[in-house]
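Input: a single structure, listed below in structure tokens.
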């Protein structure tokens, strides 16, 4: 499984209105933490980052310093960028996690392209944002219809972890950081364990 | 038909935010009442119940004192627990009702696993909860796509009952307990019947 | 094409909460007007109408005085009532419009049964109501999955009318009665025509 | 008590989006029925009815054939029209019910004017509509601040009726017509009374 | 402090649509539990209970078997019923908790009457219901304007209890029964205390 | 690819309530700008434009002065109009973009007809409007089921543009005009570039 | 009456999430058109416009080329800027219309300051935006409490116009531009007038 | 000005449902950062922290290691705890910022008590949470009525900062941390400044 993070750029993020700003920031960083924790090969890409779209979110750059990174010169569909596709192929994975901004374009286009080439695609819905819920619903429908599966960062993490015993503290730490109410449960629990 | 109640635990329940607390409690207990009324073989399971996830809801334990109960040591997907799957198979049923917390993981994972093994799966949507409606919608989509059917506790009950004449009072009693407005109808009716 | 009106009963209607009371009343009566205008064979049925479920809405009885009417003695799924099914077959139609209360049971069950027997089913979604939107969404999903098409009373009317020239005043009169804003357009138009 | 119905015109009604069309039509006609039932002096007025604003809703004209009716030549605030104010004064009432379209202008302006002249004003909120809920909330706030009381057609009716025994059938008939679920209660009740 | 429970009748309850049925039932019974726990003098009243409005909710009757109970022959405003007002005065309290169905009439009218006579009135908002949120907002505004304070059953209970040490188990028991998530906290806590 | 703009008429637009008026106007004009920018063959049609449905939105007429334009004499489904279908065929395109008012009829009917004849249909969801969200959801479901893909004007534009380098200023100009927040990004960017 | 437009800057606008982007842009420009049409003295101000807050929206600058314009060097509350206050006083007006971004700071602070100095303040609520509806509600409450009146651009325009006859075309033109459905009414009307 | 942080405890937080978990966590920590930045005397208190209510959120303890901290033995209203009130008085401030969980009790009770003793109270609405929006609205109303002003953490910060020039980086750093979209603006700005 490989993760494609598409166009999480400072300017484009201001367009996202199907999540509250805090929720969306948290979801994107949670997905990144999941990817790092499970050593998922991750590929970053941006479009026109020197213009109004703005630079990639700095936290993502810092979290994946060695990941392939493609500042696309103009292609809207990341899959139209040969270097990007080569990098995807180089991972050797046939299952792709895709998240990005905006959902109906930066996520939907490479999703449809990858499905066409035989990849199994999992859209990480809550780390992908767009203009409003109506647009989101329509784009989800289009991707489902083509065969993509809709997931969220938490279910991605659980599917990768499979068994709490593999590393309780590591995985629990991610949940504590990104699920405030799970952190509360842990804290109440810990307080009693003394 | 068998019923799988997955991870309705005191801690995890605090994460459920796609239903009001009263609605969700009522839905879960209504499903349990339905299962008992129709003698549906029921299997209970929890994950990590000694930690922050907390113990199974006590009402469920009390209602199914003799049901197979699996406190999974670590597997996130209940279907990864061999004892659990053996118990499912032991029911001899090929139709499964699945409800749990959270929908996108504790329900979706065993649903997908069971469908793959040829079971017909009915997700009891209103006795299953998760973080928010966006996550719910995405997980419903994934399960539908794989072939699961989405039901609610009331339609499950009606499908099992088939004919009011089979036991009017018994079934009516469940509705009176879990559908406040149906209780009102019965009371107004009864008041006039004198 | 035949229309099945299932369990629009005074008691059950108080359970409907996915539409405002005014909207729902208007939608049901609009569908009835459409059926009468196009002489669609219509079959009425109720369940347990002497109990809390209450009598059929009186307007429907008055509008279809000669329609086959089945007060089911106990069957929850109208399709389990032999007389009802015989009446459906007697219409000779293979396309069925189904509306009822509540959507997840009184509509979904006969819809699934009719689809299984090879009928083409059109659920009239806005003349069908249930407990809340979550339940509606799940039941819509189940019916779609089985092959039902989701329509609304207005699109049913338009599909039957096909061409305004067939009877402008007749069809326009139905719209004026059931679409307040279309009535406004007609009135503004008429005022100018003088 | 006198009732002022301000600018319920076919064109302007298409701007109302803080109520569903069916709900709003029902509310306006219910208020009119209440006024007639209690013989409340009622004054009708429109603005620019020969232009895009359109004619007054025909049902209102028919229900109040003898009511003072002022087609204002241009004044936006009905209270700026001397004839209208004279008619209000001629009722001899110091309590005014005001409803109209749109709430923030056609209701708010005469409400503020009447309050200033010492009238006690009751805004009938659900027979008054405007562009959206944000605008409604702001205009409610402005009127409250100036001393207006916010009511709805049902509470107006109940305040006028005071005691069911004054005329059960008459008042009940209005409720049956305009509160579908109250009609259901009456029908279920009647069915049992036989 | 005295509690007035106004018109929580089986028929009228079907009109309440600003709360989910489960939430509203829970809120009304929680308020009743609070009143009993603190021995608040409680007065029950209904309007026209032999007609479509239906009988008082049976749970309330059972919980307050000795409370003054007034089946009003016709007065819509309970304060128009002399016996009811006498009973209120007989409590000797000058602070009144009022809850009822529907908010804009059965709660608002006696609230305004009691305020006029110098009582301090606390409306228990979540044990009072009405047709929709718009109507609720307007009626809240009217009562606030007249000086009523808006509370909810939980804050009423906390204000009466003042100090947990007065009776931890008793008060905790009410919370466990009516706040499902507080019950979860208690259960998780108890599980660890072992 | 060809674009069919169906029944965006002044009267019918007043029925659209699943978008705010400003949003919908913007979406329709944005789609038109996209079509012109990419020289998409565009066909306009109206139904009964001399009656209450009203004339086509003037901006559309002005933007496509030379486009085939069919004022249908009575056919509700544009595909029932032979001239219209001939014009579609004359474009030689097998991919159709369809937008219109109302979604469940004026969009859904020609969409189903075109799909049946082997066209690939892309519904432009945000330039299509109807009575409310429930009706929209049902009609989307019906069209998806038949094979239509749901898009929005922005994703249509991006799919056609493919690469920013093809004409940055032209495409950027459309975004600046129809995505206020993208305009803000461009303005902030420009201000710094000085 | 004077109008203060506070901090409608490209960067800050991306924070506004209590209105859709199209709605908000339309509202701000509509208010500006109203101010120009009625020759309301208008004062513009920005905060830190060389930094991330970004430049004032260019349309506003263009519409008020000669208006006093204060790029505040650092004061958050515009009223803390002496030049700004002097300009307000120089208008000689005691009634102020205030709109800005964000409502809870850039509008609320000068509103409270102006009220304290004896001005009568009208907040133009729909040309003022902030982070979310909760924040908006709280800030509205604070301003109301201090005596501000809440209006919207349409009611401001109507209050200034008072009588349609003063300039039908001029005022109608503004409505046609900023109220799409009013434009539709005018177009339908005009089409018939021929 | 002094800040009172009341009952932000791990258990109680699971009851908060009028904010998303991410939003609420962010708001509480933002308020804490504001208080530290401006050296606002801060007082922390909890109720029954050894029981199900759980320990205070650890971040708050860490951020205010030297703040007066009162683990109340039983008093529900923090103002009933003499030590707490003494600490408030010891600050010498007459203006209080109050935030807490749940709004209707832990915030409303000390707010009413403090107002009664002549303090000026500012409720920090978005760092205070409760069961649902209905409860929040009612409790806001009660506090407003008693004279409290409703603010949010951002407006508190801006009111304290008054002028950006006082410390651009410090205050900007808080905004960057707690307003994701302001961080985006800063990042886009910085990228261009190079």
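Brief remarks follow.
By letter and in written order, the chains are A, B, C, D, E, F, G and H; residue numbering begins at 1 in each of them.
The criterion applied here is as follows: contacts are C-beta pairs under 8 Å (C-beta built on N, C-alpha and C of every residue); 3 or more make two chains touch, one makes a residue touch a chain.
This one's a predicted model, so the numbers in the text were calculated from it and none came from an experiment.
Common partners of chain A and chain C, by the touch rule above, are B, E, F, G.
The angle needed to superpose chain A on chain F by their Cα atoms is 90 degrees, rounded to the nearest 5. Summarising the inter-chain layout, the chain whose CA centre lies farthest from the centre of chain C is H. More than half of the residue-numbered contact pairs at D-E reappear in one of the options F-G, B-E or A-F, namely A-F. Rounded to whole angstrom, the centroid-to-centroid distance between chain A and chain D, based on C-alpha atoms, equals 53 Å.
Taking each chain's centre as the mean of its C-alpha atoms, chain G lies 31 Å from chain H. With centres taken as mean Cα positions, chain E sits 39 Å from chain C. Between chain F and chain H, the centres computed from C-alpha atoms are 48 Å apart.
For chain F, the set of residues that touch two or more other chains comprises 11, 14, 20-21, 52, 54, 179, 181, 184-185, 188-189.
Every pair of chains meeting the touch criterion is listed here: A-B, A-E, A-F, A-G, A-H, B-C, B-D, B-E, B-H, C-D, C-E, C-F, C-G, D-E, D-F, D-G, E-H, F-G, F-H, G-H. If you check the complex, the residues on chain H that touch chain F are 185, 188-189, 192-193. Residues of chain G touching chain F in their complex: 10-11, 13-14, 20-26, 52, 54-55, 57-58, 179-181, 183-185, 187-188, 191.
Here chain H touches chain G in the complex through residues 18-19, 125-126, 140, 144, 149-152, 154-155, 158-159, 161-166, 179, 181-182, 184-186, 188-189, going by the rule given at the top.
Contact residues of chain A toward chain F in the complex are 11, 14-15, 47-48, 51-54, 73-77, 80, 102, 104-105, 108-109, 131, 134-135, 137-139, 141-142, 145. Residues 14, 17, 20-21, 132 of chain G are the ones touching chain A in the complex.
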